[in-house]
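What follows is a set of structures for review.
Two complexes are shown next, each including chain A; its partner changes from chain B in the first to chain C in the second.
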Partner chain A sequence: MRSADYLIKRILFAIVTVFIAITLNFVLFRAVPGDAVDALRCRQCSPQFKEQVRQELGLDESRWEQYKLYVTDLLHGDLGTSLRSQKEVRGELIEPLKNTLPMIALGTLFAIVFGTITGVISAWRRDTVLDKTGLWTSLAFYSMPTQWLGLLMVLFVAGALGLPTSGIEDPTLGVLGDASTWDVMVDRLRHMILPALTLGLVLYGDYALITRSALLETLGEDYVLTARAKGLSNWAIVRKHGLRNALLPITTLIALSLGFIIGGSITIEYVFSYPGIGLETVEAIDQRDWPVLQAIFLLLTFSVILFNLVADLLYVKLDPRVVEA
Partner chain B sequence: MRKRALLVIAVMALVVAVPACGGDGDSAEDTGTGKTDGTPVKGGILRVGSINYIDSLNPFNYIESQAYQAMLMIYPQLVQYAQGDDGLVIEGDWAESWETSPDGKDWAFKLKPGGEWSDGTPLTANDAAWTINTIIEYAAGPTAVAAPALAHVVSAEATDENSLVIHYDAPVGNVLAQLEQLFIVPQHVWEPLVGANGKNLKTFHPEQNLPVVSAGAYTIKEYEKKGTTVFIPWEGYYGEPSNAEAVTLTYFTNSDSMISELRQGNLDWVDQVPFNAVKVLEEDDNLVVNKVPGAETTNITWNSNPRKPKNRELLDPQVKKALSMCVDRERIIEVVFNGYASLVESLVGHIAGPMENPNLGPLEYDCEAGNQMLDDLGYERGSDGTRIAPATTGENAQEAHPMEYEVITPTSTDFNVDRSFEIVQEGFAEAGVKLTQKVGGDTTASYALETDDNCDGEASTGYATFDMAMWDWVGYIDPDFMLSVVTKGQWCSWSDTGWDNPEYDEMYLRQGTLVNPEERKQLVWEMQQMIYDNFVYTQLTNHEYIDAHSDKWAGIQTDLNAYSKEYWTSPYMVE
Partner chain C sequence: MTVPPTALDEQAAVADLAGLPARGRLGFLRSEVFRRPAMLVGLGILAFFVFLAIFGPWIEPYDPSTQSGAVYEPPSSAHWLGTDDAGADMLSLVIEGARVSMIVGFAAALVAMLIGGTVGLWSGFYGGKSDTVLMRITDYVLVIPDIPLMIIVAALFGRSLTNIILIIGIIYWTSTARLIRAQTKSVRERTYVKRARALGAGNQRLIGKHVLPQVMPLLIANTVITVAIAIFAETYITFLGLGDPELTSWGKLIENAFKGDAVLNDAWWAIVPPGVCVTLVILACTMVGMAMEDALNPRLRVGHLAVRRFRLRPLKGAVDSE
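Up next is the complex of A and B:
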């Protein structure tokens, strides 16, 4: 199979998956008894109000008509209207996303860098104190419940480092005058550090363990033995032969985790009152804001599919054999 | 009002005869009553942290205590509470003075001149008259939430820009205490919303239409429901201006974070300290912890709607009493409130002082006796130990069924309601009754679960599906409001039980007209007895209100919480 055929196949597969996800997302929210408006909870939710909302959402139409409407709206980028705020869902999610993505990026970057380094060192220095220290540290962080680690950060790290533990900005910033862009950026970064570090440490364990495992497997291959017989130094073997071949599972892990961490940030954002997509999800669940929830689920699904596709595409570069397979 | 999670006020002080206690922190000069020796410095930003959020700035549609606080900061009130020699006393807020007609039916208020709404419109008595008349007109629907404060009011009129007369249909004994709960809204903003039926008065969200037009001590610069709301002193305010240059109120999803922020110096004041954090804060040399008797009571809320279609055995006060006798309330006090609470029997709570009926109960913790009562009532245990409610006949017949019920718990309580539920669940299990927790979401969502979709007081619909809830009320010094929440008139507004008792409703109306304090007290006691005997609620605890602040700030009057604008305007920085 040519690379182009492989790529087209993967992209088509992703598109089909997206449509299946869209359909499942549609079915999921309509499979339960009643409809979204039945689940709506508010003090002014009289039967008349609910009937009006039902009509606005098209829930008085047949399922098939609803599905067509849903897909058509999606293709136009219309995610519906929030039942809570009566504003467009798309607009409602932009701000939380803008808050969540840099935090996730920072945490993931931390995890990739330090996790990979730890994994490489552990594998390179197998069965030494370095390896055991790295291994147990990774296992410890990997095993910790995210929210618990977050609380430890709040209780023991925040004070020591003088970092804020809540929200995304200093409540006093700009209150009595305009804050400079630099001040805002520094403030945002300070608020982002602890949640990002929490996420980073949990992912760190994951990355370190996978890297170590993948590298150890590679280092046991015949071609590594050959390299060793040729007199290459240990580090050269790791760098030129081991790490490159171990990249496949590491890439897979990164792609998969990137897809899932948006959802996984819910507990972190709750602990740190961080106004991102996780906290928005909690809020939407609390208030039975079905259009927002549906949009968030769709977003999470898309992100998983997208990053899987990215991983598939990277495989071609990292290991051309996958095209042949 | 309730904080109910409900309503309002977060707390408070015991009033009248019970002076606030406090100053448990190391900074001994602050007593929680605002008296301090520090050198005042004007300015600064007062950064306040809270685990309660501002759900609305609409005085006709809100639930959370923090919403009441915010409205207290931005809307004019006629009167408010202030520190007196022996406790809290009513004083003027916007009203400068007042007098009553000889027959006690007309109250004339002289208003402080010079006030201005934040959009530049003058604040006049017309605003007050329009607000009052509008609340009365739509009291059965859109403005029902605010209506209890205006019981027996016939109309209001502005005799000139600074003079207001309120006409009552009878002499009323608690006029000022009632009016203290009334927020005046700008006529020019709200009048266009009335339309044909006034519905928009309830659905309007001022917080979504910034800047909110206000004329109180502050205006709102920024609003974020579950983030930070920024209050700036309003220069057109008719009263003493704020010492702080700004007040920021930040909502925390996690109380540990809030406490950490306070200890780090990123917050100046935490308005409700989690009970498990009190000791830690008291040991912090840089913080001052104040404790005052609280207004918040916790309870088991029973669906008491007489037309309730299912599990009707729970309408029997004897059944509810028997089950309640298996609840170890002392354990709740120790485990949930770390000892910072006391037992309570009346819905009005200890905050009502002498108006709290001291002769209720007390409800004994005696599960053996409770089980015996259930046995005697014919609720036998099934093979798995769960009691069976026998089949009944007649209009509301129901089949025999195991006594298994759901308990709604909101996520927005300021105490650990999950742990509290577990203790109640254990107690009920001993009585052969299975409880499961139904997390109802935030305050709004949970309340909607209680009232149902078809809630309509006039049609007597609603309150058809839920059995029990566990929640709290935050009462007032005057018991009127708390007594009102179980009336039929508050169905779909403040009522969370669906109780429908015409005799009680008549007593409620009558108590407001008794001008003789002793007579009123007797009737109010009788009403509490009626609520108690019917087990509309099982009262659990009345907990203390505990706040903590940095020693860089003083002038904090903990016992004015939710009772006065001064609570917010008086704090100042000290050198």
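Up next is the complex of A and C:
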């Protein structure tokens, strides 16, 4: 029953973290000199309009009342109203989220597959040319600023591959006669490739390094020495003793990193004008659309907390000993 | 950070008994680390950019704030790296950018090191309730997504260099704190520290003479890696238009190139150089930090699996870091 205890503990931790995130979100946006409405930049922002927004946001009430109001609204799924479009933030974010998720899924999948393979080969062939090449490539991609890699893609790769570099669909598609669903799908995919590849390459470096060091760590264990004494081949040792044990840190670390990916792809979407959560963030920053920024911050925090929980659960599943500690 | 010779001798006398390298962790580092080519190359790159940051104004061929050529002029003998969208010399801009980027990197890492080091030492050394509370806080800070928080704080509190340094420093102290805590805990339990305590050494003396010298190399290694993270973070938030509008950093140059349609003008020279600088510095910091950690964590040195030159894991100097 100990593992049930452990799970409950982790879930409680996640719930408390959610509340801390909500509180932090509340406090941050109210700790600004002046109030959030002062900083608002938009065309229709007359003093009367600002006063009205203030009342709507409940900024004229006491802090505690505001906080209660904020939490109650959130629990009802009300994320507020966008200052730019005057529409519900929740509705405003659904479309970008739908665009972002497949793109980052594609990029992440690329990174996991190639990253782990590179890492395993590097660790298996430690200190050979193969390892050195893998290690330096991963380190290089790991060190590149995301947005810069994106710009390089636009400059040097897009032309060669004949891929579009901005937006999510070809505006001319469907102008001359109807485009079939298939055409639309292919068009979307083509727009997705470069941003996904950029994300994939940045993560690739990360995952390859994680895999390599996790595997090297397990290969230093005594049971590997025993396996070697038994006369097992290198590959058998890596596969049976190394990988099986390294799987634990590798999966957990990757699961942990997944939560941070949406936040990390903001500049990628900006570079490629890809209309997802990232581009939405950039526009919200630009026009100081606080309700939208607040909602995005919450969304991103929740994704981190969620994947943290996933990592915890994976850990228990893969190594029941954790619970004992 | 050097340990006074008397303290070293004192330490060496007991260290052998505790199965520690006789020269103390710093001496051990010095000999181990400088044998590693990656470390030397990394230090070389860092030294180069620190040199640029300090002596920039005397090296820059042109004044980076004024127009010295046509708009987006390709590289030539007059402008080695061409010009940007305002006709300013790219090479001068990149040299100028080194200063701001290096300041952000080192200052933010210093903030993170101070917070993380203090929290880690306190938590690991005193333990008990304060340990629980501090580690709880660390756990929570760890799950707050770094980039969105930086964006929001920068957007709310204004775009200035100090703000950026503080934000980055305040976000990235957690891993340092955890590492230092683990190391401090293990050092505290070593025989010679216990002996020193039994002989009447106070907490301050124990921390200053025994714990800190053992923890310091790890703290430095971690800080070097934080420098890389800080520089990366600076380019990230600057790209989103949240950098200090007055200053030229590498992040700012990448942003300028993007906003100034360098891509449409095929002006690769406005995009590539600042990014290469960032990549090199991050790479250098990572190399130095990793080489140091590698030297400190012998468990990673497993000999050559592929070449079958297997050797026993060295027991001396093993770090019981978690």
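FYI, the second predicted complex is superposed on the first by the 321 of 325 C-alpha atoms of A that agree within 3 Å, B and C clash if a C-alpha of one lies under 4 Å from a C-alpha of the other, contacts with A are read in each partner's own complex, and residues count from 1 in each chain.
In this section, contacts are C-beta pairs under 8 Å (C-beta built on N, C-alpha and C of every residue); 3 or more make two chains touch, one makes a residue touch a chain.
All of these numbers come straight from a predicted model, not from anything done at the bench.
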Exercise. Superposed on chain A, are chain B and chain C clashing or fitting side by side?
Worked result: clash
For this session: Would you check which partner chain A:126 touches, where first means chain B only, second means chain C only, and both and neither mean what they say?
Result: second
Exercise. Who does A:180 touch here: chain B (first), chain C (second), both, or neither?
Worked result: neither
Exercise. Now for A:62: first (chain B), second (chain C), both, or neither, which partner does it touch?
Worked result: neither
Exercise. Counting only touches as set out at the top, which of chain B and chain C does A:164 meet: first, second, both, neither?
Worked result: first
Exercise. Looking at the overlay, what does A:293 touch: chain B (first), chain C (second), both, or neither?
Worked result: second
Exercise. With the two structures laid over each other on chain A, which partner does A:17 touch: chain B (first), chain C (second), both, or neither?
Worked result: second
For this session: Once the structures are superposed on A, label A:285 by its partner contacts, choosing first (chain B), second (chain C), both or neither.
Result: both
Problem set entry | Which of chain B and chain C A:271 touches, first, second, both or neither | both
For this session: Could you tell me if A:217 is touching chain B, chain C, both of them or neither one (first, second, both, neither)?
Result: second
Problem set entry | Per-residue contact with chain A, leading partner among chain C and chain B | C
For this session: Once the two structures are superposed, pull the chain A residues common to the chain B and chain C interfaces.
Result: 151, 154-155, 165, 270-271, 282, 285-286, 288
Exercise. For chain A, which residues count as touching chain B in their complex?
Worked result: 38, 41-47, 50, 85, 151, 154-155, 158-159, 162, 164-167, 169-172, 175-176, 270-273, 275, 279, 282-283, 285-288
Exercise. Hey, which residues of chain B end up touching chain A in the complex?
Worked result: 45, 47, 49, 61, 63, 199, 202-203, 208, 221, 224, 226-228, 230, 232, 245-246, 248, 250-254, 256-258, 260-261, 263-264, 266, 411, 441-442, 444-449, 451, 453-456, 492
Seminar exercise, completed: Contacts from chain C onto chain A in the complex sit at residues 139-140, 143-149, 151-153, 155-157, 228, 232, 235-236, 239-242, 251, 254, 257-258, 263, 266, 268, 271-272, 274-275, 278-280, 282-283, 286-287, 299-302, 304-308, 310, 312-313
Problem set entry | In the complex with chain C, residue positions of chain A that touch it | 13, 17, 20-21, 24, 28-29, 31-33, 39, 123-128, 131, 139-140, 142-149, 151-152, 154-156, 165, 213, 216-217, 219-220, 224-225, 228, 234, 237-238, 259-260, 263-264, 266-267, 270-271, 281-282, 285-286, 288, 293, 296-297, 300-301, 303-305, 308
